[in-house]
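Just dropping this structure here.
Chain nomenclature is as follows: A, B, C, D and E, assigned in order of appearance, with residue numbering initiated at 1 for each chain independently.
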Amino acid sequence: MGRATTIPFGPQHAAFLEPLNVTLTLEEEKVVGAVLNQGYNHRGMEHALSLDYRKSQYISERVCGICSFHHSTAYCQGLESIYGIDVPERGRLIRTIMMECQRLTSHLLALGHIAESVGYENLFMQCFRERELVMTLVNRISGNRVHYSMNVAGGVKRDISPEGLKDIQATMSRLRPRLRELHRVFSRDRTLSKRTKGIGVLSNQAAREWGNVGPVSRASGIPRDIRQDGFAAYSMVKFSPIVREEGDCYARMMVRMDECLQSMDIIEQCLPLIKDGPVAIQMKGHPKGEAYSRVEAPRGELVYFIRANGKTALERIKLRTPALMNVASLLAMLPGCQLADVPTITVSVDPCICCTDR
Amino acid sequence: MSMLTSSIKNLFSRPFTTRYPKVPADLPPGNRGRVLYDMSRCIFCRKCERSCPTVAIITDRDAKTQTVIRHRCIGCNTCVEVCPTETITMVQEYSRPDTAPTVNVFSLDLPRHEYRIEHLPRHDGRKKD
Amino acid sequence: MMTLESKMRIRSPWIMHFDTGSCNGCDMEVWALLTPRYDIERFGAMNRANPKQADILLITGPVTKRCEDRLRNLYEQTPEPKLVIACGDCASTGAPFHNCYNVNGGVDKVIPVDVYVPGCACRPEVLIDALVLGLSKWREKAAGADKEAEG
Amino acid sequence: MSAGELLAVLLFLVPMIGAVVVLVGRSVPVIKVTVAAVTVVLALSSVGLLLVLASRSFAPLAIEAQALYPLSPVLIVADLALTALFIIIGWRLRSMIIAAAAALNLALTVLLGAWTGFSESDPAMLIDNLALIMALITSLVGSVIAIYSFRYMREDPRQPRFFAVTLLFLGGMNAAVFSNDLLWLFLFWDVTTLCSFLLIAHDGTMEARDAARRALAITLGGATAFIIGAVLALEQYGTLSISDFPVAGLGGLALLPLSLLAIAAFTKSAQLPFQSWLLRAMVAPTPVSALLHSATMVNLGVYLLLRISPSIVNAAAINWLVALISGATFLASNILAMTQRNAKRVLAWSTIGNLGLVAMCVGISTSLAIAAGVILLLYHSISKALLFLSVGAAKEGLGSEDIEAMEGMRAKMPFVSAALFIGIFTIVLPPFGMFASKWIISSAALTFPLLIFLLGVGFASTLVYYFKWVGNILSAAPGSRRVTLRADPLPANYKWTLGSLMGGAIVLSALIGPVIRYLVQPFIDRHFILPVGTNDLNIFTSSGEFPVLVLLLLVGLIFAGLAIIVRPGEEEMSKPYASGEDFDFESRGNYFASEAAVMQGIKVSEGAGVLLVVLLIALPIALEVM
Amino acid sequence: MDLLAYALQVLTVIVAPLVVGLAMGMDRKITARMQNRRGPPVLQPFYDVGKLLSKRPMLLSELQATFAGAALLFHAAALALFVSGSDLLVTFFVSGTGSVCLVMGAFSARSPYSFIGGQRELLAILAYEPVLFLVVLSIGMRSSFLVGDIQGGLLHDLPLVLLALVPVLVVLLEKSPFDVPTAHQEIISGPYVEYSGPYLAILEVARWFQLAFVFGMVTLFFWSGDAVISIAGKLALAFAALFATIVIDNASARLTRENMVSFMLIAGIGLVAINLLVLFILKGSI
């Protein structure tokens, strides 16, 4: 026919925060073919992580800036299970609080990003305004806005003071009405739902086949949430995974919105549980052995495999990041949609290219 | 159209925007800005140099200097933790941007927390191979 | 004496952001610049996401080997006068990723950089400082050009 | 025989003689000499006729049948012979419809002949300004196209047939527009039908034969409506002379002849629901498309409408229906044109739409509208011929008529691109002739508010499909510098023919004031109150004014000024932005709809057309019954 | 007296786009405030244009420059015709030519986003030109096509026609939900994507002229015998229209091109049709 046009979408593109290239084949503006082109962000992190296990908790944060704490938690949990130790309860609770804070920032970023991708500038701004509250909170707790550098193997190295706990409580109560307002907008806005409902549908079956994880799979009706394993302090709090059945952009968006509210619940549940005590255990000797560690990052199941042979350098470290699974499933969603929906669909899986490419 | 009410509300409320750089940044007390050396305490044990994940610290035992490459420091606080003599402190204020990667040289002849500013060489890029 | 031209230029810096392999931390902070808290539109800056209309390139990341050509491509498409700001440690020196085999170790290995921003991740305030520094560099350049023109 | 009569006779007789010479001569030099001679005669005669009429201050020139004595008996015989020929063609094509329609035509012709005693009504020919405009279009544009064909058809083995039919057509067309007697008009109407049939089938392919058959079926059907209308007209009005048709007090069955003639006009002008033949006719060689299917022959239909417009405008209900059918045609064809990929098909839809606009003007039935219709007819022919010929020239260079194949053509074939650009510019944008008439139509449509909605969407769609096409032409490889027109490897023949049409389109646009005053207004004045005011620089209507000269100067200054200001070499040429990638982009047009959707759209609009046409016939009968 | 009138007209043609530029600045400020931001200075659009003019030109094809200039000149001509009290319909078509020049400029650079932007801009033209055309014809129907002859009664008789102008303004101001041709997150900035430096400035100024013309049409709806009241009312009406678009922009996501075309055609044409019908029923004639 010769009617199809091919255009590059990315690596540098207004809709993407990160370099991802989707080469789209368009018939007029209908997408008939999509080729995912990854690897712009491949730095060789697995090699760098394996060089010195004592420094790798900092490097592992730099795999991804949006879910940095989850990365270092997964890494530290792996080392801890190699050593065979349990982190003190206070350390685990602090980890949980920080992970949920990070989930809040990540989800608010993703939500703002979706709003931006459909040209809803005001909503994007509002999401980021609320996100800024969490950002300043984590800045106060950890000393940095993005990379908290709080994790060490054996616990956390930075304690939260009683004022800090009060601060968290105060921020949460300040945030709750605002997020409720955002929830109202996201769920009710007509133009927004026109652009997200029924767009980029991923059926339950397809989600299983593509191995989707995290909010993307939960939006397609798969009630899978690694937090239910009870790592860190998740066994001490009550929550149930948020699941929707539609599998479209709207569902993915709303799952994230609901999870924001859930994160606040979890944080507020954690706060009264914090008792005085140590936050970390010192570990002796170099690690030796294998460990397989996983956490529920904002984008889904994050897996670290660590094999150590008793030297400073780890023998092998392997990451399987959630975005890798989710980004791949774009290939199932993009064909058949309109060019205008490509940014929305792409952003709705929350592609974290730095995770994907490592 | 759900944003209508909040748009109008925002229109008549004070903007959320900071006035930075007219007013100083609002930094929390525990902010990990940058590290400073109190050279009078330093024993040149090189623990900080070895612990640094990004090789931002260079200890020169002969010249009796500690060199911090500001544009390499990720502010992870490790050097502060490993220092046996509390030579190193983390302060709130962050390092400033510059027209070349900055190097701060702490030496014995300078007062506490003072440093000499040097620059790493700048590259001007390279042409396509 | 500063010309009207350079005055206008300083009041309207349009930015383009490109991630060349960073961890996303600086990218988020670049985006935070556009949002209500920091709002660099105060200074007239706009995110154009298009090299042809940008004055300032905000580059994050240590420039992976694959991004190298793309970065150069974008740089060449940006009309003069332009300013390159390397945001964050990794863009300045490649620091956190110095052990990685697939990076160039800093933006200035590929294209000339005007302002280096420290921090991992660089705070929005530092980015604002960098913007101000870059613009003052322009101002100096303009003043210098004026002197040359007079002399 | 006066000079005017002589020129008129020359205008239709010389081409016919030329056709015979070509058929007999058969060799290329003979053909070239003959065709060239005929075109010279045609051009001179038509301009001469203009001068003759001007010397009579544009009073119509009536030619009595007696003045044509040796001819008129021949014509009656030819009339019968032609209809008989159609029966044979129908028989050989194994198409019962064609054969039946032709047989009916023959019967009714004989009936009419018997009724009138084989004597013509007087005046048999009437050359007023409308006929003059048509003759000028046919002769001048036709001549240019004939000369263009020398080159275009140079490798065709059936050249004698082609040029003979073309010349026959030119003669037949001129005669048709001069005819005042419905029977004569019917004869020449059929001559053009025959020529169209022969030329569409020229390539001899299966597709061409099919298209020719369909064209013949529909236009013969229209001819049947025509001849029935003629019979009824004789019965109702007692005359076959169009100029004697009653202009007022028509009602009931007396409206039926007008309805039928309008339907005949719709078939010839390819209005809904009869448009399908014109689209298929695009398989014919490009000069044929330019000559018959856009510039001249299809105009015959709307010409007939304009000719009987004094009667139609006073026949309420009929004029509304005419306006609705043609308005719907205008809208539907413009929307459908957006979905086409083949340049000739785009032009075909556009032709249908513009003819619809002319017919709509008749339907609006104000003097302003009719003036607009005549202006549109004139300017449309020139621009459309230019566009068709350019597409033909482009096809020769690119090997394809697809719009997509013309991607970046401005760098390869600047002359043709300029011709296409000017053609489109003169059709769509101010301040050229077509635009002036659109402006008048917009003003005129105020009296028929329903139509302004059709017009609004229609005009905007026109912009879309033409500039989508222009976009493809302009989309040359990055960094391409402006090339001079001389750089085009186009043969001289094409350059001259395209160039003369370009010049004609622009000059005639500048002269729109005089054109309106001297060519259009005398026709309007005869039948209506004074419509359009003009002082040669501006055009006035009751509610607005159109500053032709100011706008023309403006556009001229803008483009001339920019050509001076924008100089090559000052700018840095860069790569296209492709998200940082090096990317070689190929532009492909947007067509907005799938084949199935287009078919459905055609079906829906045809359905609406059928409904309205049935209403057009049923209404007079219903009025009579009530 | 004549000379004074001419001078006034020339002045208006020069000042009107500057006022639009100022309005754009206000628009950005108000938008920022609605998003709880501080926003740029009100004079920002002028800084932008000034800066763009000082940048080094960069092009893909010379025709881009030609068409950018043509767009500016056509829009300026449209405004000049409008101010000089000429025929509104002619003015409208001349302005339309300017929009088409933008499209041709976008096409003449062979670049993916520019091309898609051009196609979308054509669709936008398909969406808003009919509505604008109907607005012009309604005005002509109600009083006259000659801008100089149009007097009061429009606001009273054609309120829905004025309302139909608001979505048109949304498209022309490139605001959501109908900023489809320049969709930032989809095709960067559509037809403008390959323009940079001075040529972008030219297009920006061309847009100001175009907007000045369309806002001029909005102001036609208000008329009063008293010059002061007339001018104040006209400005108030134009500002109200601008404010309406800002509010719509801040409370909606971008819709798709199909949505745009169908909404504009159905709502725009529908509003005009209803208004004319009501007028016809009330007054017996249009």
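Convention: contacts are C-beta pairs under 8 Å (C-beta built on N, C-alpha and C of every residue); 3 or more make two chains touch, one makes a residue touch a chain.
Keep in mind that what you see is a predicted model, and the values were worked out from it rather than measured.
Participant: Through how few touching steps can subunit C be joined to subunit E?
Facilitator: 1
Participant: What are the mutual neighbours of subunit B and subunit D in this structure?
Facilitator: Chains touching both subunit B and subunit D: A, C, E.
Participant: Give me the step distance from subunit D to subunit E, shortest route via touching chains only.
Facilitator: Tracing touching chains, the least step count from subunit D to subunit E comes to 1.
Participant: Report the chain ID whose CA centroid sits closest to the centroid of the full protein CA set.
Facilitator: E
Participant: If you take the mean of the Cα atoms for each chain, which one ends up farthest from subunit B?
Facilitator: The chain lying farthest from subunit B is D.
Participant: What chain is the most remote from subunit A, judged by the mean position of CA atoms in each chain?
Facilitator: Taking each chain's C-alpha mean as its centre, the farthest from subunit A is D.
Participant: Averaged over CA atoms, how far is the centre of subunit A from the centre of subunit C? Could you give it in whole Å?
Facilitator: The separation of the two C-alpha centroids amounts to 27 Å.
Participant: Rounded to a whole Å, what is the gap between the Cα centroids of subunit C and subunit D?
Facilitator: Result: the chain centres lie 61 Å from each other.
Participant: What is the distance, in whole Å, between the centres of subunit B and subunit C, each centre taken as the mean of its C-alpha atoms?
Facilitator: 19
Participant: At what distance in angstrom does the C-alpha mean of subunit E lie from that of subunit A?
Facilitator: For subunit A versus subunit E, the centre distance works out to 43 Å.
Participant: At least two other chains touched by the same residue of subunit E: list those residues.
Facilitator: Counting only residues that touch two or more other chains, subunit E contributes 32, 34-39, 56-58, 112-113, 115, 184, 188, 193-194, 250-252.
Participant: By the touch rule stated above, which residues of subunit D touch at least two different other chains?
Facilitator: In subunit D, residues 572, 574-575, 577-578, 580-581, 583, 585, 587, 590 touch at least two other chains, as defined above.
Participant: Tell me, which residues of subunit B touch at least two other chains?
Facilitator: In subunit B, the residues touching two or more other chains are 1-3, 7, 15-17, 53, 74-75.
Participant: Show me, using the given definition of touch, all chain pairs that touch one another.
Facilitator: All touching pairs, sorted by chain label, are A-B, A-C, A-D, A-E, B-C, B-E, C-D, C-E, D-E.
Participant: Flag every residue of subunit D that touches subunit A in the complex, lowest number first.
Facilitator: Listed in rising order, the residues are 341, 404, 578-581, 583, 585-588, 590-592.
Participant: Along subunit A, where are the residues that touch subunit C in the complex?
Facilitator: 11-14, 17-19, 39-45, 47-48, 51, 58-59, 61-66, 68, 109, 112, 124-125, 128-129, 132, 135, 144-147, 352-354, 357
Participant: Provide the residue numbers of subunit E that touch subunit B in the complex, in ascending order.
Facilitator: Residues 30, 32-39, 247, 250-252 of subunit E touch subunit B in their complex.
Participant: For subunit D, which residues count as touching subunit C in their complex?
Facilitator: Within the complex, subunit D touches subunit C at residues 572, 574-575, 577, 580-582.
Participant: Report the residues of subunit B in contact with subunit C in the complex, numbered from low to high.
Facilitator: Answer in residue numbers: 15-18, 20-21, 25, 53-56, 69-75, 94-102, 120, 122-126, 128.
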